[in-house]
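Chain naming follows the written order as A, B, C and D, and within any one chain the residues start at number 1.
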Amino acid sequence: MSDKINVGLIGAGRIGRLHAEHLAFRIPQANLVAVSDIILEAAQKCGTAFDIPTVTQDHRVIMQDPDIEAVVICSSTDTHSQMIEEAAAAGKHIFCEKPIDFDLARIDRALAAVDEAGVKLQIGFNRRFDPNFRRVRELVADGKIGEPHILRITSRDPAPPPIEYVKVSGGIFLDMTIHDFDMARYLIGSEVEEVYVAAGVMVDPEIGKAGDVDTAVVTLRFENGVIGTIDNSRQAVYGYDQRVEVFGSGGMVAVSNNIPDSAVLSDAQGIHGSLPLYFFIERYVDSYIAEMAEFMECVHKDQSPSVTGIDGRIPVVMGYAAGRSYEENRPVKLSEIA
Amino acid sequence: MSDKINVGLIGAGRIGRLHAEHLAFRIPQANLVAVSDIILEAAQKCGTAFDIPTVTQDHRVIMQDPDIEAVVICSSTDTHSQMIEEAAAAGKHIFCEKPIDFDLARIDRALAAVDEAGVKLQIGFNRRFDPNFRRVRELVADGKIGEPHILRITSRDPAPPPIEYVKVSGGIFLDMTIHDFDMARYLIGSEVEEVYVAAGVMVDPEIGKAGDVDTAVVTLRFENGVIGTIDNSRQAVYGYDQRVEVFGSGGMVAVSNNIPDSAVLSDAQGIHGSLPLYFFIERYVDSYIAEMAEFMECVHKDQSPSVTGIDGRIPVVMGYAAGRSYEENRPVKLSEIA
Amino acid sequence: MSDKINVGLIGAGRIGRLHAEHLAFRIPQANLVAVSDIILEAAQKCGTAFDIPTVTQDHRVIMQDPDIEAVVICSSTDTHSQMIEEAAAAGKHIFCEKPIDFDLARIDRALAAVDEAGVKLQIGFNRRFDPNFRRVRELVADGKIGEPHILRITSRDPAPPPIEYVKVSGGIFLDMTIHDFDMARYLIGSEVEEVYVAAGVMVDPEIGKAGDVDTAVVTLRFENGVIGTIDNSRQAVYGYDQRVEVFGSGGMVAVSNNIPDSAVLSDAQGIHGSLPLYFFIERYVDSYIAEMAEFMECVHKDQSPSVTGIDGRIPVVMGYAAGRSYEENRPVKLSEIA
Amino acid sequence: MSDKINVGLIGAGRIGRLHAEHLAFRIPQANLVAVSDIILEAAQKCGTAFDIPTVTQDHRVIMQDPDIEAVVICSSTDTHSQMIEEAAAAGKHIFCEKPIDFDLARIDRALAAVDEAGVKLQIGFNRRFDPNFRRVRELVADGKIGEPHILRITSRDPAPPPIEYVKVSGGIFLDMTIHDFDMARYLIGSEVEEVYVAAGVMVDPEIGKAGDVDTAVVTLRFENGVIGTIDNSRQAVYGYDQRVEVFGSGGMVAVSNNIPDSAVLSDAQGIHGSLPLYFFIERYVDSYIAEMAEFMECVHKDQSPSVTGIDGRIPVVMGYAAGRSYEENRPVKLSEIA
């Protein structure tokens, strides 16, 4: 047991419980010793389900426990940067769900604290660990498609979140497209210079009333010349649609959606296949496990995580640039933001 | 023989010969009686191949033949509008290859001549007659995907044309994207209001020296709110890439490339399929036949073609808007052009 | 016109008309100069449709015409061997629809006549000319799957023929499976030694009353050790199902059905594709053209056809062996027949 | 902890360790309290890896522990029936890997012991729990393909087992095809009456020297009239090939192989996809978990397992019938065996 890493989990909501299950059952290197949630009942349920010895309403119990080497931050977004600073101050390695914060100054303060403390910080862009997207990245990085020219990301949710959530989500670009911004940077291996957004309210007028859009097409220009598009919708009635395609001088690589089974029924009406896996919990379960396994491995072997603080900051900048592009209907450079 | 339609072909280049073959062998209603080309040898070769009685260097022989009811104009683009005017004056029904002209004033004069003469005019946007795209249009028009929200068109050539051609092509947007502009209007059934272009020279620097681009991503905003993207490349090394996808409130429809055979080889290295049909001659042969069959049917039954003069004009306007958007890096409204 | 080959067509039923259209419009080397049918009206309709100069009820008009170099025999099966003998005696090259005959002695007499006359004989196993199956054969012959071990042929019709046809068809093995027997020999490039049949009446009891079966699974043992299966049904409600798979020491190659369009509709119920092309006229049109083009080419260049008399005989032997296997429920060697 | 089921594992080889991991980490209802293996070191490694309190060389420690409610038998095949009898005598519920035994008399004695003791017995035909095959069964059972007519099972391993294993495996029909025999019964929901085998040595002559075959095509006749084929090879160089297809009066359902990612690379040479998951450990991991979860659920809720003793016996009978059919080259009825 001595070479396992003691982990404390902060936040026992949906995503926190997901990480708890993986830390408890799927990642042999991890030893989940504590869980906190401001809703004590949530912490208790999680603790019972996964046999976690310490259960508390107060995250400081975790921060102050000298036996805990690493924390996994799954509390609400507005607390992330504060938690990172506290954990850094306590000398603990940090896994933090995305986004770090909606405020760039607070992000910078948090990242500075991490730097100063010399702890590791990994941001939860789990999709980088998905076997499909990872394979695309490998093929692109290995030059199998030559020089990349065009990137296409399709990212559509099966259903919009509750309108109350939409109101505090930071808007579609910081809540939903942020994953695609990270994916774009990951797949191309270059930074985006400029974004242009065409968007609208097509799914639900309530989303428009909340000051947000629900459908968007984003054009990206990368420093290396690549042109990308992301298309988002808050509602694909056929389920979670998560595809990418990279085209280059030597070819193209594309991935399709994951399905629960490959059964194809041919009848007098047509040829029928199964719908994609419904949403991120089902679709990305392997990537959630793989990202946490990498975090544990990085702590164990004293290596740098592959998704770090700056990777948490840049997509937020892109989100703000996208928002401004939408409002002003013009291409916006990232250098205009912050 | 008396109920067949006598047709004269003007221009016996590559596309002219293609139509000649179809008129001679694949469209029972047509009676191809004359062919002209300013290069007499081209007309002669075509005449011999397809048993065409009248072969001439002078298209006026066709225009003046009272037994000819319809002309098929495949001469060089700069002569199209003049040919249309002459044919209209001669009371002949007209099939004209795209584009009508690069000059909007000349287009307008040609269309006015057609209107005045009361003859039929069909523009050669053959892709509308492709079984794949036709099926997509049917499904969209039938409401099978609900209200359309997002359109995606991928249109990549297998190899760039000769640089000498590029120089007189009118630029990628008027030469290549013009087909996709027509496809966008066809699939969505609404007009485009604004375009935004991100483009570059990635395939061949010579294309850049000729003042053109070879890679482009175009964002379209339709009057009905739909957002579309077109991505073009002058060179897809895996062959002609012609796909579309329409996403809406009730679902999505997408088509993939046509392949010469469905053989899939599984060996120790991977699973391997055949490359797409190489280029438009192979890929769109059925659509070329179908468009000409419709033209003959319209003449025969005195019906209006489904692709008419205005459908020839609007994509040219879109091409100019796209060019301006590229130059000025801003969204350009179609109302700014013409 | 002088280097075209004058062709006479015997039999203007469905398959005869098909060949007539191809000879008239799709095969430049052919000059279709005469058509006969014992039903004069059928010959006349065909003659009018394809501008055939000579139309007759009496096939001897064709046999006796010294300007006719080649005949295409599409009359009823029971006349094939007689027509072959007459054509051979008249020194005409012969394309004959399958099967040559149901009587092996008559087949042998017809083949002997062809040999003696030194004319060419091509049997109408058109599927060998299909791009899918041709590609499979090429990959197998090129060693891309190593040594072949297992062959699988799926061959299912969209609907059974009229019961009156079933009664005179010779039974499923001589009427339907015969194509698959030829395909098996073509794909593997080895002869079959033994067949075993499991079959039944599952589609229509009337077929059983007519002494036939409508569903069959045939096991083939080839001289080179390969084991094959053919599965047949007279009725696949989703349409014409024509697939093959060859598995070997170095891999596998498989082909899927041909579809009219590649449109895939994703909606809340599932992912839906189009049904296969309905039946052989649509599915195999290209192979009918290609086989006739080869026949013309062989006549023109004095070459041997790739599907010749013996290829017409062996599948009939296989059909008889299959019938006996079904009746006696045991594996039957081809050497037991004839 | 009190409502968890205490489980003892007998046999800590490859498959035993697999079940141990699932019992320890993936099945919350299970409490894995003991492991035995005649090779103590194997038991110890397994115990350490999965924190199992009791580790022993002697399975009787497990049989005699009154706190253990259920045993999972993964010892060598020749011990299965003995272990079942002992566990039944001890009143423990039993999960036993397939096959129960190669000797039908011993199988019958074991099943009688289970009946007498009134304990539950589940046989490890895990593939029934695979999402693909389960979906096929559901569609068939729901009548989505009407009355089933033809079944096709393709089951090919990526590489043959070591020749030493082949010698004691019981032969391909009892070692490999046995899974497909079970699958056939599961998918069709009817019993097989007769089998016919065509088989040979094509992969490795050593397998032939060991008295076995490595390539086989089995024809099955079901009581309800369905005709099935199974094709087996000990070596598919492209990986584990596990597909089924059921065809019926109302349609067809088919499943394809599982792949590690859906990336498709298009380059100048072709269109390339990833190879299937390599072998059963990767391919069937979910089905192993699901079968064990069902077993725990059955114990917990006092329900009958869906794969029980008779399901373990019949495929052994089929294996013997297949062997005899191969030796005598004739169809063999199951009623001839035992």
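Some notes on this structure:
Just so we're on the same page, a residue touches a chain if its C-beta (ideal position, glycine included) is under 8 Å from a C-beta of that chain, and two chains touch if they have at least 3 such contacts.
Keep in mind the model is a prediction, meaning the values are calculated, not measured.
A rotation of 180 degrees, rounded to the nearest 5, superposes the Cα atoms of chain B on chain D. When chain centres are defined as mean Cα coordinates, C lies farthest from chain A. Centre to centre, using the average C-alpha position, chain B and chain D are separated by 58 Å. Here the spacing of chain A and chain B, counted between their Cα centres, is 43 Å.
Per-chain CA centroids place chain A at a distance of 39 Å from chain D.
Residue numbers of chain C whose C-beta contacts span two or more other chains: 236-238, 250-252, 266-268, 274. On chain D, the positions that touch chain B within their shared complex are 236-238, 266-268, 270-275. The touching residues of chain C, when paired with chain D in their complex, are 146-147, 149-150, 152, 154, 156, 196, 198-200, 202-203, 215-217, 219, 221, 225, 227-229, 231, 233, 235-238, 241, 247, 249-252, 329-331. Within the complex formed with chain D, the chain A residues making contact are 25-26, 131-132, 134-136, 139, 144-145, 250-258, 260-268, 274.
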